[in-house]
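As structure tokens, here come the structures.
You will see two complexes here that share chain A, one where it goes with chain B and one where it goes with chain C.
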Partner chain A sequence: MFFQTVITGLSIGSVYALMAVGYSLVFSVLNFSNFAHGAIITLGAYIAWAIMVAHLSVPFLPALLLSIAGAGFLAFLNERIAYSTLRRRRAPSLYLMISAMGVSICLQNLLYATVGAKLYAIPAVFAQDSFVFRDITVSKMDIFAFWFSTLSIAVLHLILTRTKVGMAIRAASRDMEMVSALGVNLDVLVAVLFFIAGGLGGMAGVFMGIKYMVYPSMGWITNKAYIGAVIGGLGSLPGAIIGGLLLGLLEALVSIASIGGTSLSTFRDVFSFGILVALLIVRPTGLFGRTVEEKL
Partner chain B sequence: MAYAEAIFLNSAIYIIAAMGLAVFTGYTGLFSLGHAAFMAVGAYAASILTYFYRWPFLPALAVGVVLSALASFVIGYPTLRARLRSDYFAIATLGFGEAVKVILENFDLTQGARGLPGIQKLTGPGNTTLLLVLSIWLCRNFLRSSYGRRVIAIGQDHIAAEMIGIPLLPNQLLSLGISAGFSGLAGGLLAHYTTFIQPSIFSMDLSSLITAGVVCGGMGSLTGPFVAVTLFVVIPELFRGLALWRLVFYGMLLVVIINWRPRGLFGYEELSVRNLPKLFVIMGITLGLTMATVVYKALVRANAYEAAALLAALGAMGAIALLVSLLGRGVSRLLEPVVPRVRGAWQEAFARFVRLLDPLLGTMGRKRRPRAVVPGEDGDGAVGGEDTLLRILGLRKSFGGVVAVDGLDLEVERGEILGLIGPNGSGKTTVFNLMSGVYPVDGGEILLAGKNIAGLSPPDIVTAGVARTFQNIRLFGSMTALENVTTALRGGADYSLAEAFLRWPWTVWKDEARLREETLMLLDLVGLADQADRTAGTLPYGLQRKLEIARALALRPRLLLLDEPAAGMNPREAEDLVDLIRRVHDGGRVSIILIEHHMDVVMSLCKRIAVLNFGRKIAQGSPYEIQSDPGVLRAYLGEKVNVAVR
Partner chain C sequence: MHRKIPGGEPGIKKGSVMKKTIHFLAIAAVLAVLGCKPSDGKSAAAGQQEPIRIGHSVALTGPSATWGQAEANALKMIVDKINGEGGVLGRKIEVIAHDNRADRLEAVNVAKRLVEQDKVVAIIGPAQSGVANAIREVNNAAKIPVVATTATNPKVTVAEDGKVVPYTFRACFIDPFQGTVAGQFALKDLKAKTAAVLYDVGDDYSQFLGKYFVEAFTKGGGRITANEAFRSGELDFRAQLGKIKTGKPDILFIPTMQKEAALAAKQARDLKIDVPLIGGDGWASPDLIDLAGPAIEGAYFVNIAALEDPAIQDFIKDYRARFNMDPVLPNPLMAYDAMILIVDAIRRAGTTDGEKLKDAIEATRDLQVLTGKLTIDPATHNPLNKPATIQQVKGKDFVYVKTFVTTD
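What follows is the complex of A and B.
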């Protein structure tokens, strides 16, 4: 029972981690919480559904790659339309956050208005298959998702440490002005940044769609990923990964715990949001974050 | 008729909620994304009382209001005390909102996610109108009172607000509590209008809808959210086929407004004769839209071509919008001479009425709080007969590895003007920041009349008698010159919060008149009396500096810290400023430390000058001594280098 819970926790945690990386990447450079990320993730899942089920019946792997590219492109557009003006004006981070909220509301309801509120399933290639080891069951899809997420984060790591644009991104997360003064084109850098964050989000969206179906408000779960990013420390990539996994585990454990016969599972979300508020107050830098002064 | 009533009730309820949020977000600049939670508290509290306990409507609503206000402290106290980054604060409120929703979903009394069906329909046009008008009136009164001015000042510049002695936490909590209270009221009304509530109604979408109302309407305004929310309710009614697109539209609007028109419709202004045309333009477009939909539908029904119908509809809309806009201009021009006269007559009549009841109500049950003792006038010259007002001993401050102030000793005699000079980056402003409590002190003592003020909070330091100005001017930009100074007046207003809400004539009026008079005297002192009602942000640079000095004087300091008051002034303006500082000095009733780079200003005002370099005092003495001090010359001009000449 306990090990099964841990497995469940890790499998949801790895999806949280994938989404949390997107939040942290954007935060590390632009210093704001991009609440439109949830909508991008949702759209990523819808792209996969659209090309696999609704229209073209593309096979799974190409569909996954197309969703990644599509979500990345949407994230790039999102930045161009909703943030670039504010970024150039050096508006307070709060303004960027409000703008992100606007995008999120707009996109989510765009889905309601066009595709509708119905739940759709993405047929997973190995969804029904699972490994059984004594009394522990692990679905093959979870293993694939875990493996693929790890792979893509490894690729991200290589990009950030080995390529020129990656190093520029890391430098910008320390001091954007300086990077700009050194002749790096910030617009390009930010575009790449959003493409990567959106791509990872799209991937997470597809995995989530397979696990829980596709519906317009599925982006709500990204709030949890955001909490994971806060636990790890906003702006820190290892922090986002560990925070996401940790939150998945904690939630799974809280779900099976009980106090005096009352199951705590119904209060799982209160618990997560409680952690969020408490962390922001007590230790806004999380586990691995560093203090960044707010732009005033 | 029922349809019009539904639109009216919907607008009224959301207007109350949005104006409630405006009192907090619009004026403090802090965004709450969890106000739906406060609406939920109000809605559930009131419904449970009327539903299970058969309470009458108004008391039930009142309980909801109080509980909502209390609920706001649960999230407000820890987050505001910790002074979160403004975006973290917004996220924390969002988390709180979601948590409240989940709790309601799992709570027996609220019947969980099923919600409460069959609530009595008690919300009607009568009581809603009454409560709407009352809400507007109360919000307005609050914001115009000294309590409201403090909240507004914090929103404009929280550092400057602290430096004039306004503590942040209690004032922000007050505004949050009031705001939550109105949200609770809106929630209670909503529940008894729709007769069914469930937790999912009070979602993030609702919170963001109210937020959108405040942002689009304009920060720092009650008129703005009122108009914006009305539009939010009315316009979607015109396009009922597109109901699903409503939130898409709000989301886009939020992005557009925050990116390209952060002022919104009525940012930092209230309805007046002058901006009446703007309101008419908005009304004209709305009416035009209404007419356009009517024309379009009629023509399509009469089998006209769709394109033609669309064209006709657009034409009708344009015509009506233009007509109403022109009408607005006319009305505004017509009213312009009339309004002041009517207002004057009304005020006179009301004043007569107030005076009539004065003997009855003027002193009714009021204990006047003893006026704050003004330091410098309380005869503290007698304390130990000491002549030194300020003694700084071994003051230290470092930022990371940089030692900004390094064991500084400094004295200020009673009634003296001490010049504090030094090259850029020598730590002069840091000394001021330490003295006024902007930064915590690393070590050393700051003794003001023998009492150590190092480590006190900025408001406590102000109370002790230290006031300052800023190198880069920090006025409350969208307040008038008068309000800037009034907000800082020592002792402030005497009336209670309840009286402020009612704008109780027998206390508030009298007090406000007194404050106005005191303020005008100060403005007169710095030569700004004729600019009293001008918005501070629109004053020319030199006058802003003077206004900042007047604001500091309003605190009745015994020690005034002036940080480069002549910066950016030409010689004539600087001369003018010298005269002003002499007047302010008032024959030594106020002691002054003056940081300044204009040497002629320093030389003509100060009998004693201290020179800082690298956070240390390198010289001190009369202007003459300083000018010839080799250490000072070295600090300013560098070491003498012997260049070998062949």
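What follows is the complex of A and C.
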């Protein structure tokens, strides 16, 4: 049971990690928590549902890529509409955060109003087959999601280290003013940034939609991603990944634990948010974070 | 930043007086529009009696919407029927429905609106136990009877201290009964000796139904191997299911709504837990099958009524003819029964006064409703002797298995 739980924990954790990376990416450069990330994740899932089930029958892999592109584009639009003006006016992070919350509520209710609150399922991509090894089962979807996410993050790493844009992004995460003074077009930089973050979010949304189901309030799970990002250290990308995986693992282990016969599974969320609070008190930089900044 | 010129610049001053006037007029206009109360039908057209307003607190959107819409449709049918036959006490009846989204907070708003603004004489619904519990204070303070449709948790009509909730009734059976049916079905029909339970700790219905199942199952000689929970809104139960798997139960009882049941079924099958699955009436929405896919094939669940029940075939035919789809049972039947109950009580009481109406409802005996004869137990405000059906998922349908009779 222990190893099965570890697999389960890593599987949930990889979804958290994927979301946390998108989150941390935006935070590292712009220094605010993009609360609209959850809405982008939800929209990624809906795009996949729309083109795979509702209106067309696009096969999985193209649908995944289209959803990633779509979500990235929506994130770019989101930035243009909700954040760019504030950013140009050098608004404090608080205003960006409020704007993000507004976008999140608006998009979620837009979904309620247009598509409706009905639950939708995306048919299983790999049938119900899983790999069985002794008494451990791993579903094929999990393996694919893990592999694809790792690939994407590797690509992200390459972009950040080997391309000019990537270098600019890394520089901007240190000092945005300087980067702008050195002649980098900040608007383009931020647009690329949000496209990448949105794409990662959309990917997470598609995987979640397939593993679980598609419905307008899916985005709440980004609360967990936020915890993962904080555990790993807000602003650090490796930290986000490790934090997300660690959170998933710990949650799964708490779910099967029991103290003196009473199961702790109902305390899962008490535990997750408790860690968040404890960490912010004891080590606000998280595991890999850099400096203590406003943790908005 | 304006430079401050002593005395002010004349141009700006004029502009600001104009601006202020326009602002004032705009605000006044908005207030005037808001202040107008919508016409509530009390137009004193001589001789025209106002209709009897009955409220409907229902989930028209959200995961429970399939049932809610069905309730609303059934009420349309019975309102047309009753008004066509002359109405009640010489007046037409009118249903005022508001969307509670199966949310407790929203339901309180809806109840207040129905009672204070729409001035209804009774409320049909809600359908969810937790939600029905939440509006208790509102309708009891206002002395407006509430007939919950499918809220099966006992606390809805009988408070923790054992006293009956004065103005709340229900049209369906209660969870202790449902849990017993599930437990005895598992023991006798499925010959299970051990069972595991996976329930939702954030939902009154789920928590208590699970508890009653455990009581009935152990009372009948069975053993519970695991009693695991998750919180409402969680999507991944594989950690809990992994633990359940190690106990090797004969069956798995999942007393949740259809969304969580679908996820649990899929994940259980993913983990190669192949035992029969049993659920309660929370499963009975058709999208259970869409959401769960082949994982839910062959699973059983307890329900308040089934499509094949001979007593309701006329209703089913009329519903299909009017709305072009099958009613999502059992809610529309319960809403229909609730309306019959209220209308009959109004007729017997001769008035729509809240207290007298409540007394009349309490005194209901052998009233012919869609699903048989309805007698309200004055001590608990619950119907006496309502049967339960067992259904099974086969392909894309829910198939009627049997009407279950419990043995004590």
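Basically, the second predicted complex is superposed on the first by the 290 of 296 C-alpha atoms of A that agree within 3 Å, B and C clash if a C-alpha of one lies under 4 Å from a C-alpha of the other, contacts with A are read in each partner's own complex, and residues count from 1 in each chain.
Criterion: a residue touches a chain if its C-beta (ideal position, glycine included) is under 8 Å from a C-beta of that chain, and two chains touch if they have at least 3 such contacts.
Predicted model, so just to flag it, every value in this text is computed and none were measured.
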Chain B and chain C placed together on chain A: clash or fit? clash
For this session: Scan A:280 for contacts with chain B and chain C and give back first, second, both or neither.
Result: first
Notebook entry, point to check: Does chain B (first) or chain C (second) touch A:207, or do both, or does neither?
Noted result: neither
Check your understanding: Looking at the overlay, what does A:49 touch: chain B (first), chain C (second), both, or neither?
Key -> neither
*asked:* Just to be sure I read the superposition right, which of the two partners does A:266 touch: chain B = first, chain C = second, or both, or neither?
replied: both
- Please work out whether A:23 is in contact with chain B alone, chain C alone, both, or neither, and reply first, second, both or neither. neither
*First (chain B), second (chain C), both or neither: which does A:288 touch?*
neither
If we overlay the two complexes on their shared chain A, which of chain B and chain C does A:112 touch? Say first, second, both or neither. both
Problem set entry | Touched partner set for A:92, first chain B, second chain C, both or neither | first
(message) By the touch definition at the top of the document, which applies to A:81: first (chain B), second (chain C), both, or neither?
(response) first
Among 5-13, 77-85 or 131-139, chain C clashes with chain B only at 131-139
The intersection of the chain A residues contacting chain B with those contacting chain C is 112, 266, 269
Chain B contacts chain A in the complex at 31, 33, 75, 78-79, 82, 84-88, 90-92, 95-96, 98-99, 102-103, 105-106, 205, 208, 211-212, 215, 244-248, 250-255, 258-260, 262
Residue positions on chain A within touch of chain C in the complex are 1, 4-5, 8-9, 11-12, 112, 116-121, 123-124, 128, 130, 132, 137, 139, 208, 211-213, 215, 220-221, 251-253, 255-256, 263, 265-266, 268-269
In the complex, chain A touches chain B at residues 32-33, 81-82, 85-86, 91-95, 97-99, 101-110, 112-113, 223, 226-227, 230, 266-267, 269-270, 273-274, 276-277, 280-282, 284, 294
Within their complex, chain C touches chain A through residues 61-63, 65-66, 101, 201, 227-231, 233-236, 238-240, 242-243, 245-246, 259, 262-263, 266, 269-272, 287, 290-295
